[in-house]
Amino acid sequence: MDSALIPEGVKRCSFGKFALGIIIVGGVLLWGVYAMLLVWLKGLNQTNMNDFYGFALWIWADLGVIALGGGAFFTGLLRYVIGKDELKNIINCAVLIGFICYSSALLILAIDIGQPLRGWFIFWHANVHSMLTEVAFCLSCYFAVLTIEYIPLILENRQLNKVPFFHNLAHNMHEVMAIFAATGAFLSFFHQGSLGGVAGVLYGRPFAVREGIFIWPWTFFLFTWSAAAYGPCFTLFVTRLMEKITGKKLVKQNVINLLAKISGWTMGTYIIAKIIDTWYWAAATAPALGLNLIDFYSNNPFYGIWILIAEIVVCGVIPAAILLTPKGRSNSTLLFTAVSLACIGVLINRWVMVLQVMAVPVMTFENWVMYIPSWQEVATTILPVAYGVILVMISFRYLPIFPQERELNP
Amino acid sequence: MKIGRRSFLSFVVGGAAGTAITPLPWKLTDDSSIWSQNWPWTPVPPDGEYSQSDSVCTLCPGGCGITVRKVDDRVVKIEGMKGHPINDGGLCLMGLSGLQLLYGPTRVKTPLKRVGKRGEGKWEKISWDEAISEVTKKLADIRSNGESHAVGSIVDSESGTVPNLFKRFLTAYGSPNFMTMPSIQDSYGMTLQLMHGVSAQAGFDAENADFILSFGSGIIDGWGSPVRMFKANSAWKANGKKVVQIEPRLSNTAAKSDKWIPIKPGTEAALALGLANVIITNSLDSKKISQSTGFESFKKLVQNEYSTDKVSKITGINSATIVSLAKNFARASKPLAICGKGQGSIPGNLNEFMAVHALNALVGNINEDGGVWAVTETDYIKWPELEMDSVAESGMQKERIDGAGSEYPHAKSLLNRLAEVINSGDGSLEVIFVSGANPLYSMPDSKAMKTAFDSIPFVVSFSSYMDETAGNADLILPNHVYLERYEDVPTLAGLSKPIVGLTRPVVKPQFNTKHVGDVVMLIAKALGGGMADAFPWESYEACLKETLGVKWDVLVKKGFEFNGDKCILEGDFNFYPEAMKSLSNFSPVSVEGSVISYPLILIPYDSIRLANGYIGDPPFAIKAVEDTVLKDKNSCVEINPKTGKELGLTEGRYAFLHTPRGKAKVKVHLYEGIMPGIVALPRGLGHTAYDKYLAGKGCNFNELIGPTEDPVSGLDAAWGIRARLTKV
Amino acid sequence: MKEEGKHKKAKKYGMVINLDECTGCGACMVACMAENNVPFKEDESNKLDSIAWMRVYKLTNGKSYPEADICYLPRPCMHCEGDHGHSPCVSVCPATATDYSHETGIVSQIYTRCFGCRYCMGACPYHARYFNWWDPVWPEGSTKYLSPNVSPRMRGVVEKCSFCFHRYQLAMDKAYFEGRTELEEDEYQTSCTQACPAGAITFGDLNNPEHKVHQLAKPDNKHGGRPGNPNVFRLLERLGTNPKVYYMSSREWVRRAGDNYLDNEDFAKNYRR
């Protein structure tokens, strides 16, 4: 019944099946919306955050989706600025994921603040010294860029594209996309970095604090670089997932290989930098403050030092090694394992840089405090996932996200 | 006009764009944030004219001067009064949260008459006239039946005009049953009576002492006049004076002392005598005292029965520590030994008091600088002689229900015996008045006390707050709180220079309450005859003014006046009064329960952050309680990690605490500062009354312990009870 | 124009807390709550969301019975100066809702500006900042004792100890009215200092050699305000937060508990100064 809207020459499931999917995921979405409204109306007492955990699940989710959405800026940079032309076949997917991730991030931020009605004070009464101010400005600007990047994609819908104005607009927007891509990359560099800076500048928190250059702690660069490395992995992960769900090949293997290879190199270099950073912090920064590396991981009743090993070795070194070897890239199981591990790795990193920063006691007479999120927090964290799934479903059904789809599925 | 899809789309897009460029969204954004800054449900305290006035805090017997800050007719803060001889500007957290009692939800706002079952919480609001005629009718009936002695009263203390009005009322009515809440003052008073032959209180010149030996007294946990003791403690620190604390638990006092010596609880008297032995044996005793009556017998007692080795065995303190402690104490130039455990709410073992007093006498510090003074309040209450009618005469001939003055000749009041006397059917009361006290909460074995109250047909509470006793009364005649009324506040509380303060109305009464003094007089007048004649004043205020005489003006102006004399100690000091004879064969004060079923020993501990007398913790105070004392709705018990290991109990686990008197669910807190085998529970929790900020939190220690009669004084000497901890 | 010579020297208000004298009675906590209209909830036993601008911590020496020892440590806001006013919290606030005053050394908090991002709480290693998770609710009638000098905070914003800044303002108003520009030491004292029954808290201008706080702490302003008195220490000195609350204790284990030290560090040699 909606065949007129579906891109020409591709096959989609029946509308009934599609609608059923939307309803199921929509139910989850509504659950999230209910939790969100509860939080807005009743306040943050609906969460299990407390004065020790001022930042918790949401900020982790925020940092997480932004890192995963990093595929958009890095792929855009590679495609439009550096000129890796093959990537045009996956850029739409990267942009879509970026758009979902960044809109989600903004939504979570709007839920997470105690006075949402005054959220705009961050712009109006901006404190230029605060990393969070930098995050807010760059995040909003980059979200605008992503919107601009996403609009032509919408306009390419079969029906909309029939309108000459929309057709021309989309065409012209494509023409200047390089400028937006470059702007986006620039903005992303800063907000990904300043999100890293959020933790790195906390000189009252020996677990988070890092030395650095000028006003930027090392975490600033590590975050940007890790987003560049791990973001494309998430793009690949989602593409692969969609291929599995639809049972169709959507992107040619050479495109996947190229992105995987680039990702492998960035990840490899990142993980070396991360190891050096960790080593220097453990050997110099922390001891100067009277702390041993193990002090940060002991007293933790849950995961101890294993979280560090999981982040750096299991979800860092191993996926990087897989992606760097041609054999690993071409074996679809290995590749999928690598990108999955990579996504987990970056999420662990963001978890540690938010939650563990809060949990590790600094005063000698305080203890490690555990935190378990409330259902409202979990629901509002799942909300953007459901929203993302719906947007992907709709976009895939009605927009030409994968230019090679028709060719690969004659 | 047909609206096509395209024109509709243009309309929506155009409309959105158009609205965005108008000031509307920006104005709304701004307005909504301004609204969030002025939420109508977040109060904005009105400003007004600032003023302040001085008064006295009555929340504990400490007698601190306070200065209240006012904005128009609202009191917004209570602070310590600068220059006051007791507290000089400092104030404890109870005093600081007094406004929560004044304005708080726990006030009884008007006279209430019970309509449901006792304790059910169903009340009828009645007028003061109705309330007073209700009481009068009851009292008139009882009196006409010749049962006047079956009326009793429980008040907070025996000094001051209000307790004396009650006493006078009962005397004129014909009842000897004037009872007061117990405290270590009862024991100290009796000690001075027996050893000096004077009726006086012990005052301590703590500020000038240079070696303070405390037998479990919570110097900084609320003993004596709390703020005064805090100040003394700071002065000792600043001047390098020594404090030695003897008790089985590392209390705050023990932690701040120079030396903490853990002792097997209940053996303090033996230690005092053991120290006396070392002092005498080493000829370190003050020579002026050796002429005193009984010295030789005392010497023989300590040398024969309290050798260092024996005392070491009894107390669990090693011999070298005992010897060096005794020597250091005796060699100090102004040593001072004090006793009365914790905040001193349990009178304790009289032998222990006498032994400690003898120790003071031995080093020659009685009525000396830095020592113990026998002091009396100046008796400013000089009311006209009572003309007792025949009913009163015959009523006053009767023995007191609690046995004070008869079974226990030295005691004035033995409230600790009341529950058992009534519950065992040995005595009964028809009416009980309760004022300034909450015996259903704060008397040991409070459940038995409640049972006893249940059998008293008419219970009248004068409480300002809906406390446990008020909640179980038949009639509540609410008193003004201290910030709304005039009253003299005579303060002994271990002061070497007693003080009388004047509490005065800093705000007008907030509710339909009446001064308890006025109510007592109104009832007497309504009863008529000799009762009316006994109270010749037109109001309590008139009575107070007349009573204080010239003091009134001074008190109004200054807020306090020194009010005491050192007692002239005529005659001999008796080292070894008859009452001490039982010490010739030492046995520790026994604790209830068998070792087999109750292998542990439960002791209470007092914290300055927990009120355990008439008032309960106001919200600020309960907020300041640590989470290792109260967590969620549970009291925490302290046990040594070794004990925890033996019982398989870890930090934060729930457990049941059983004693022969009761059972409670508690949380375990492992604490290295407590002797293995001992369980410590904070006093002051487990209220069932007051407001939601206090009720239902933790367990009441008094429900787990019963009184132990001291064989000599009849006062409560229970310092603990056997207990068992089991996993939940 | 020699008048300019009268230019006021910058103040640095701070505190010295004598832990030997502190009895852990909690009067400072309540004095603060009563002075600053701090709200309370039905259950305050969860200290992770219990607003206490001044919190008294209980420290233990970690030894077994009977060598165990405890010490109480009152913890107000440290009013960190950091490096030139770069306090851990002030520098991170995105909306300039908290600020470091170079005139008084006090770290302020503007409740109506704060939008509740809680970044400052994450930045503060002392847990001195508290979030209003709930709407403040006073029982019926109890709003009568609220002081008009401190506005009650709404839900969703961060609050903390202000060194009773309103008292400074009131004292300055009075001084100006009387034609003075300088305050006497006793004209501006915090509520906790005034209430402390043990007299353990001393408050004043650390830059003023005549003030008791200066004499007790002997701050070395050339080295980030490090105390010159060997019995005086600050919490987490090594982080460089440069706090203005100093602690005094004659017990070494207490002084050592003030900061993190590696096991092999010779505390007595290196840090007693």
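When the chains are written out, they are named A, B and C in that same order, and each has its own residue count from 1.
The criterion applied here is as follows: a residue touches a chain if its C-beta (ideal position, glycine included) is under 8 Å from a C-beta of that chain, and two chains touch if they have at least 3 such contacts.
Note that the structure is predicted; figures quoted are calculated from it, not measured.
> Give the chain pair, either A-B or B-C, that is connected by more C-beta contacts.
Output for the comparison: B-C.
> Taking all protein C-alpha atoms shown, work out their mean, then name the chain whose own C-alpha mean is nearest to it.
C
> Between subunit A and subunit C, what is the separation of their C-alpha centroids in Å?
40
> I'd like to verify one number: the distance from the centre of subunit B to the centre of subunit C, where each centre is the average of its C-alpha atoms, in whole angstrom.
Distance between chain centres, rounded to whole Å: 33 Å.
> State, to the nearest whole Å, the distance from the C-alpha centre of subunit A to the C-alpha centre of subunit B.
The separation of the two C-alpha centroids amounts to 62 Å.
> Tell me, which residues of subunit A touch at least two other chains?
115, 118, 121
> Using the touch rule from the top of the page, what residues of subunit C touch 2 or more other chains?
46, 50, 58, 60, 135, 154-156 - these are the residues of subunit C that touch more than one other chain.
> Mind pulling the subunit B residues that touch 2 or more other chains?
In subunit B, residues 36-37 touch at least two other chains, as defined above.
> Would you mind writing out the residues of subunit C in touch with subunit A in their complex?
46, 48-50, 57-60, 73, 82, 86, 88, 91-97, 113-119, 121-127, 129-135, 154-158, 235-236, 238-241, 257-262, 265
> Looking at the complex, which residues from subunit B come into contact with subunit A?
29, 32-33, 35-37
> Along subunit C, where are the residues that touch subunit B in the complex?
For this pair, the touching residues of subunit C are 18, 20-21, 23-27, 29-31, 33-35, 37, 40, 42-47, 50, 52, 56, 58, 60, 63-66, 68-72, 112, 135-136, 138-148, 151-156, 194-200.
> Which residues of subunit B touch subunit C once you look at their complex with the stated criterion?
Result: residues 36-37, 39, 41-48, 69, 71, 74-80, 87, 89-93, 96-97, 99-100, 102-105, 220, 226-227, 230-231, 233-234, 237-238, 250, 252, 255-256, 260, 262, 510, 608-609, 619-628, 630-632, 640-642, 671-676, 691-693, 697 of subunit B touch subunit C.
> Spell out the residues on subunit A that touch subunit B in their complex, using ranges where they run on.
Result: residues 115, 117-118, 120-121 of subunit A touch subunit B.
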